[in-house]
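So that we are looking at the same thing, I have put the structure below in structure tokens.
A, B, C and D label the chains in the order they appear, each numbered from 1.
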């Protein structure tokens, strides 16, 4: 087993608003190995984005509380101050965001946006060589005429191109880890594929680890090595991609898979939507978060919160149906 | 063992629904939510309460006062605040307390009405110009520039001669050019906002232009609009005082906060209460309007909802 | 930046209690006076200047044929001696060997040309009518005859003969007024813009000469070495700031940045008067001027003499003076100020409410209306805080006494004047300052219905007759008796309600000496000096 | 670009023509005469004065004459301040107002943006509330009250600065502060309101993710986007501030141009009314034009006016 680059222990995120305290991420543990691509899936609002931002403390501190440990190598990022975090962000951990249309500063030239992060972390580099380095980066992410594009403003580029620029920005400082928060959601399907190919390609070149957050299982299937399925702030299933798709264990994962169209399944097989809504995250949750929507719900599901049950070496699932106490 | 087994009994459908209902929090309407958020904003509530008190006093205080705003008692001139005269008296021996609240009626009425008119005209004009763009915008903004440069005093003097002095003439005079600033700021916001995708999306969905303006553009320009409104209220109050100074404002013995502050200014070193009370009331009103305005903006801003 | 704003509210209450008047230890080291003249002089060309500000600078740089002494008597100035014919129509002035500040001699021709120029129909002189007492003066201005026919003639360089239209016993004192000064013709004819800036062309014959004039900023004058009486001039320099704000002026005075504050070049802020008087720093002197209200006698209800009398009698002049104007003004129960006629004249009692009510009822009866039919009265005044306060006080007094409604109309200055000129008012505030030291300066306002200052449209044949008669009488006492009868008629019929006679109040630093202020508003710095260390 | 500038100049000239026409006839429509004083002058002298200044001619003739003068920038003589031309009045007063205005503008922009930035960075915390209270006071305490108060405290009580007058730098401090207070407060509030919005934008998160520190983010990413409405406000503000203020110039005895806007009207000094109005219009229209240009520079998304096709 390879060394883990990221080890998250009991991560909790609370959002404070004037009326309530939202428990968005509820005690998550996971590990990320070097060079691995970890997919995190779940529906909107399940806390996956919050978790990703919490990893690099991009949640505004006066609006949110964070607890738990985030071990990045030897460093516990959870205990880092804002100033310390600034040395980690970009250089150690790069980020790619969901919407390339709004994630680039509209009033700054593209070149400048790439160069500024690089110069921040490598102040010894001359601006001139940083500039040519940025051109190389643009070239690497597949942007034609990079020299000219460097001087363009974001609004002149298409969405796919902008996402490539985002990737270039994220890669600029050669981070060991990239957090990609729904990088393809806002793009159309052909562009999605190109971007994913690009990311895979780059990963093999640079040996970067990637945490890929998405609600799209096809993206997971395409890129990831391992998957965490999140629901209501918790990890409900953790598995390798193969295990997940061939043998999903948690009822939520099963329903999730049923809810997406598959080309390899019979056309007559209907898509089954998941009924109901996820629980309110402002309330403490003593039960299984999914039990209200779960067709297999049992009494215990209403009364206790299920732990993760080990099903295999890399496969865990948080459902009482795996509970050894249950009568066969 | 039996108990444990019972835990693993499947739930029936009915109880499942029950769970569902108890889990779902009753939905809160947009307005109620805004109100709740406003209520929890301490500074906004301070503004709201202060304004309510000021308005109540403006309406009722003169009714309960033993003095009138016009009765002069020359032997009691420039008295400092006391039990009889809570705010002291002015240079003609009139009770400043009563005059302050009479002044509040005038000033608040002039200030708020003028700002509201500025707001409506300015926002409509600016938003329309910014949204339509092209030649129409160019023309509209030039017309605004021209209006802005015509010497304002000339127009006011003409109005006073033609319509005659009075509070509505003053409001008319104040709004004549007052809306232009608002129009400029709104236009610049709209220019920026109309580049955004959601506007394009709304257009693509076939939303009418007026709908896009009313529901998509103007609400998003609310920040600068509120800030500008909070500027126009005091400037209207003081513009009225300036007009009085030139003989074009409210006619004595009616007072407004602006005229009282103006009169009190020369007495600042000798009878400070004559400046202090009207000036403090003006500042307090402005502070309240501003705090409330900010609070309202935060309360209605969907992006700040969590 | 931040703290004055915050402090402004909290410190404001403290402000009154602590006053230390700035650095009081200041003592001048040079013969220099620092004054403020309230506003930019519109013109320093004495042929065009009309206002107090311009005139006070002009009087520093120019001198007339005669000047007035402390008692208002004519004493020699540029004219060494002077004489008049028995009928007071011909006056002869013998000029001394005086020089303009550029060293050129002051000649009788300068006076002749200056006066004639002012009477040219094309010359823009607003007070040309002051020169209409010269023979053919009015005719020349109207273009009915040539200016060369005007009754002023330089017999030689040092002799000036003046012929008047009618006899004017006080003509000598008139020549001390700037309208009868002269400009240096040798400069003026070559440089029409001689008076516009502080160039070397600004040449005068007075005790001081212009050094620098920065428009709207300051004026600096220095001693004129060519002045005929220059040994008596002790001041080396006068520095005049041009600040309009009275409070600023007072603050500068208290901060020892000025040596003088208040009249006659400016005024002291009314609100400061009580506190300044308490410290006994204010000097008050009487001025030849009267503050009064005009009734429009052509219009109902002020076409009725009793209504006018009632309104006038009702006014509490003393209370207004004590509480509002606060500068020891004299309640006016007559038209002519005590500076012109020392005799005590009270044609009625101040604040005579009983009589006022009686007259009011009489008036109602004559007009054949009841109290409830009495229309609301509009009282017009131009916007200035003092007028405003007086109007509010009088409004109260009238309303309370008669139970009628008085509306105040605060008007923009030029609009007010326009309405006065076209008689679009009921009662209005007015003020008159004597242009020369004679009762006719005021009585002439009402001489004819067409007199330009007769805003009330009042006329009385006996009054007119008396004034016309007085012109033919040279005996001072007899003339005074006639004019007093005229004054009594005026006050009895009350086309105006006199309120008070003006005074001027000023503060000066104790080291300032020798400044002489006439009751005609003229201030003379010729003999002024400062006590240096 | 040249074509664009020509077009803009044409619009400017047309606007000026409209403004001067409107002002001219408006000014003659209001009652009052330049030469009438409280001491009435005889009708015939008034007529002579009117003739001397050409006021006896029909209005359209006067207007045609005026336009002729305007083309050559000969704005005519002042009626009240005899011997001074409007050109002189402007050329003497404007430099003074300009110096004061630039000082005030500098204060207002720097102070306002700083305050606004602090407030937005500490949104809804005490620094925010504090800054906004200051800003509100700046808006609600009018400049003339502040001016008098500063005069009393700073000049008289503490003897730190001269009371009034014009000449040295220390004499410009109080007037500049009084002039700057209101625009500064307004800019602070505008900046805060916009920065709060910009700070929520995704690209700020991107910038943070690059590891930039907050100062860099503030200056390089937030400011430029947040200052657009401020730039809009700056156009008319600049024109207004560099042409002075009646109250401030009166209180501090400053020989600027601001008082002429009021004084010329109360004196019915027709040529000065026209002159100052047109001068202000030119300044304002230029400032607005410059702001429009700046606007396009600051926000590349808005069409470059030089290449506009419509």
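The rule is simple: a contact is a pair of C-beta atoms (placed from the backbone, for glycine too) under 8 Å apart; a residue touches a chain by one contact, two chains touch by 3 or more.
This structure is a prediction, so every number in the text was calculated from the model and none was measured.
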Graph separation of chain B and chain D (steps between touching chains): 1
From chain A, the most remote chain by mean C-alpha position: C
A-B or B-C, whichever has more C-beta pairs in contact: B-C
Separation of mean Cα positions, chain B and chain A [Å, integer]: 45
Centroid distance [mean C-alpha coordinates] between chain C and chain B, Å: 49
Whole-Å gap between the CA centroids of chain C and chain D: 38
Whole-Å separation of chain centres (CA-atom averages), chain A against chain C: 88
Touching two or more other chains - residue numbers and ranges from chain C: 12, 15, 247, 412-413, 415
In chain A, residues with contacts to at least two other chains: 155
Residues within chain B bordering two or more other chains: 157, 161, 195, 246, 265, 268-269, 275, 279, 283
Touching chain combinations (by label order): A-B, A-D, B-C, B-D, C-D
In the complex with chain C, residue positions of chain B that touch it: 70-72, 74-75, 77-78, 91-93, 157, 160-161, 165, 244-249, 251-253, 263, 265-273, 275-276, 279-280, 283
Contact footprint of chain D on chain B as seen in their complex: 43, 134-135, 138, 141-142, 145-146, 148-151, 153-155, 157-158, 161, 180-181, 184-185, 187-189, 191-192, 195, 223-224, 226-227, 230-231, 234, 238, 241-242, 246, 261, 265, 268-269, 275, 279, 282-283, 285-287, 290-291, 294, 297-298, 303
Parts of chain D lying in touch with chain C, wherever the complex brings them together: 30-33, 35-45, 48-49, 51-53, 80-84, 88-89, 92-93, 107, 111, 134, 137-138, 141, 145-146, 148-157, 159, 162-167, 177, 180-181, 184, 250-253, 255-256, 259, 266-268
Chain D residues touching chain B - in the complex, by the definition given at the top: 11, 15, 18-19, 22-23, 26-27, 29-31, 124, 129, 132-133, 135-137, 139-142, 144-145, 148-149, 152, 186, 189-190, 193-194, 196-197, 200, 228-229, 231-233, 235-236, 247, 261-262, 265-266, 273, 276-277, 280-281, 284-285, 288, 295, 299, 301-302, 310
Contacting residues of chain A [partner chain B, same complex]: 15, 17-19, 22, 63, 101, 155, 276-277, 279-280, 282-283, 287, 291-292, 296-303, 320, 323, 325-327
